[in-house]
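Next, two complexes with chain A in common: one pairs it with chain B, the other with chain C.
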Partner chain A sequence: MNERKIWDRYLVVMLGVLCLFTLALATFLKMDRHMPEGIVRTMILVSPLVALLPFMWAVVREVRRDEVLHTRKIWFRYIAELSAAFLIYAVVLTISLEVGPPMSKGIMKTLVLVSPTLPFLLIVWAVARQFRRMDEYVRLMALESIAIAFGVTAGWVVTYGFMENAGYPRLSMFNVWMVMMSAWAVVVMVRGIAGR
Partner chain B sequence: MNKDKITTLYRLELLGSLLFYFLIQFSSMAIERAMPEGIGRTLVVFSPMAPFLLMIGVVARYFGRVDEYLRLKILENWGMTAAITGVLTFTYSFFESAGFPRLSMCTIMPMMGAVSALLFVAGRISSR
Partner chain C sequence: MKNILRELRAERGWSQADLADRLEVSRQTINAIETGRYDPSLPLAFKISRQFKLRIEDIFID
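On to the complex of A and B.
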């Protein structure tokens, strides 16, 4: 099969998946409120996720089809590991937020509320594993981006520290993480656009 | 410029900018309390940003002077510091949900410095 045909087929599958996902999401949004609790409602709730299965299948086929895309397997593995870590994190976070607040004050409540940190470490581990898989050049580029994001975060926390002195409220520590990740994403995007 | 000279110059520049920072910081803290609310007070509160930018400039200058190997080591140190800071602040945000107080953003910078220094020392010990 020639290159053009392979890409045409890939794009058709992707468009099909997008249509299926939109349809499933629209069905869920329209019908969710009117349906009673039960297995059918749960199935409608899960249906947009099922639409992602052909998407995964198409990506796996594309990676396997071409030798040039072999290196993308590394990224595919990374995305798979990261998604699994995020999924575990979401589950643990949901459980801890359900179980934790009604508990009486004490060490157990603190432990339950802190428990999402463990799956969060899985996310960090997935990133660290990806670093080990990368070649030297990509690793240096990624490190430079993280270092710039780190500098931006340092500048932001110092600036906000002064703003606190001027009367601004104390923010949650969660904001540090948000700023760091946003800065990283912006740096990667800007460097990508600039072609460096 | 040789390696020792670069390091000595960096340490001197950093120490100078740090002293300048503390001078401006304590001066602004002493002055702003007596000032009325307004643009003047805000400017005084933000004035320590100038020596802080000077510190960043010193680090950037050092980064430009060192060789490829040392540059990679510094980048690795900053990358790991960023990851550890991320994990620590993220963990503390859950402690906040458990009733712990919200800390000032001023606590992050010394923490970053301490983590970076610890990683540096650990790297030196492990390389022996």
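On to the complex of A and C.
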């Protein structure tokens, strides 16, 4: 692997770590600081999606350099679909976070606050389509990475369950998602660097 | 399972990327097969054999 490629891969990894850091920071601010509702809070909560932009740019750079036309084609299709899904998600999430909290309790408030789930399903759909496009070896590697992330998450959840018995605070169910996604990202990055 | 994919590719002057494009798979897949880290599925093995106009058992050695 030439030096330029190594640096590009390094860039992707660093920006990926930045995304995870921003996501963790936004969650921390939301959970522990009880920030007042408003545009600042909304922006902080949406900031991980903005942090995704340079990451996506680095991924595009990396994909453009791939020598195999077939690989470039399927990755560009994936990036286009995923970006569109993320954009819709970001818009709906911003509106939901701005409009939802001040509403009086009831079914409408719940529906508005849950509404980002619909564009989130678009993201899931884009990922599922990419899995179908991948060749068998790449799909196997991707599924192995998910299995390792699942194992890490299971270990974390079980351990923290025992820690709660020792008096540690009860955490939001959302933390499981955070751990799973972070573990998945780290596993993919480490295996990518290792060139497996 | 061993194979002679690297030799066949070299005879034709193809890079891993060239063969990957012909088989519509990634370069990592070709590399994994050549280094014996991955045994292809039957459909992919047939695709490879058609590409080189050889029988599967001539390419993959048990």
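Throughout what follows, the second predicted complex is superposed on the first by the 126 of 196 C-alpha atoms of A that agree within 3 Å, B and C clash if a C-alpha of one lies under 4 Å from a C-alpha of the other, contacts with A are read in each partner's own complex, and residues count from 1 in each chain.
Here is the rule we go by: a contact is a pair of C-beta atoms (placed from the backbone, for glycine too) under 8 Å apart; a residue touches a chain by one contact, two chains touch by 3 or more.
Owing to the predicted nature of the structure, the values given are computational and were not obtained by experimental measurement.
S.K.: Determine, under the contact definition given at the top, whether A:Val114 touches first (chain B), second (chain C), both, or neither.
M.R.: It touches chain B, and chain C stays clear.
S.K.: Return first, second, both or neither, reflecting whether A:Asn165 touches chain B, chain C, both chains, or no partner chain.
M.R.: After superposing on A, A:Asn165 lies in contact with chain B but is clear of chain C.
S.K.: If you stack the two complexes on chain A, which partner ends up touching A:Gln130: first (chain B), second (chain C), both, or neither?
M.R.: A:Gln130 sits against neither chain B nor chain C.
S.K.: Can you tell me whether chain B or chain C touches more residues on chain A?
M.R.: Touched residues of chain A are more numerous for B.
S.K.: Just chain B (first), just chain C (second), both, or neither: which does A:Val138 touch?
M.R.: second
S.K.: Tell me the contact category for A:Trp177 with respect to chain B and chain C: first, second, both or neither.
M.R.: first
S.K.: Using the superposition on A, tell me which residues of chain A are in contact with chain B and, in the other complex, with chain C.
M.R.: After superposing on chain A, chain A residues 140 contact both chain B and chain C.
S.K.: Under the stated contact criterion, what part of chain A meets chain C in this complex?
M.R.: Listed in rising order, the residues of chain A that touch chain C are 66-71, 134-138, 140-141.
S.K.: Which positions of chain C touch chain A when the two form their complex?
M.R.: Going by the criterion above, the answer is residues 15, 17, 20-21, 24-29, 32-33, 38, 40-41, 44.
S.K.: Chain A touches which residues of chain B in the complex?
M.R.: 29, 32, 41-42, 45-46, 48-49, 52, 56, 72, 74-76, 78-79, 81-83, 85-87, 89-99, 102-106, 108-109, 112
S.K.: Quick check on the complex: what are the chain A residues that touch chain B?
M.R.: On the chain A side, the touching residues are 96, 100-101, 105, 109-110, 113-114, 116-117, 120-121, 124, 127-128, 140, 143-144, 146-147, 149-151, 153-155, 157-166, 170-174, 176-177, 180-181.
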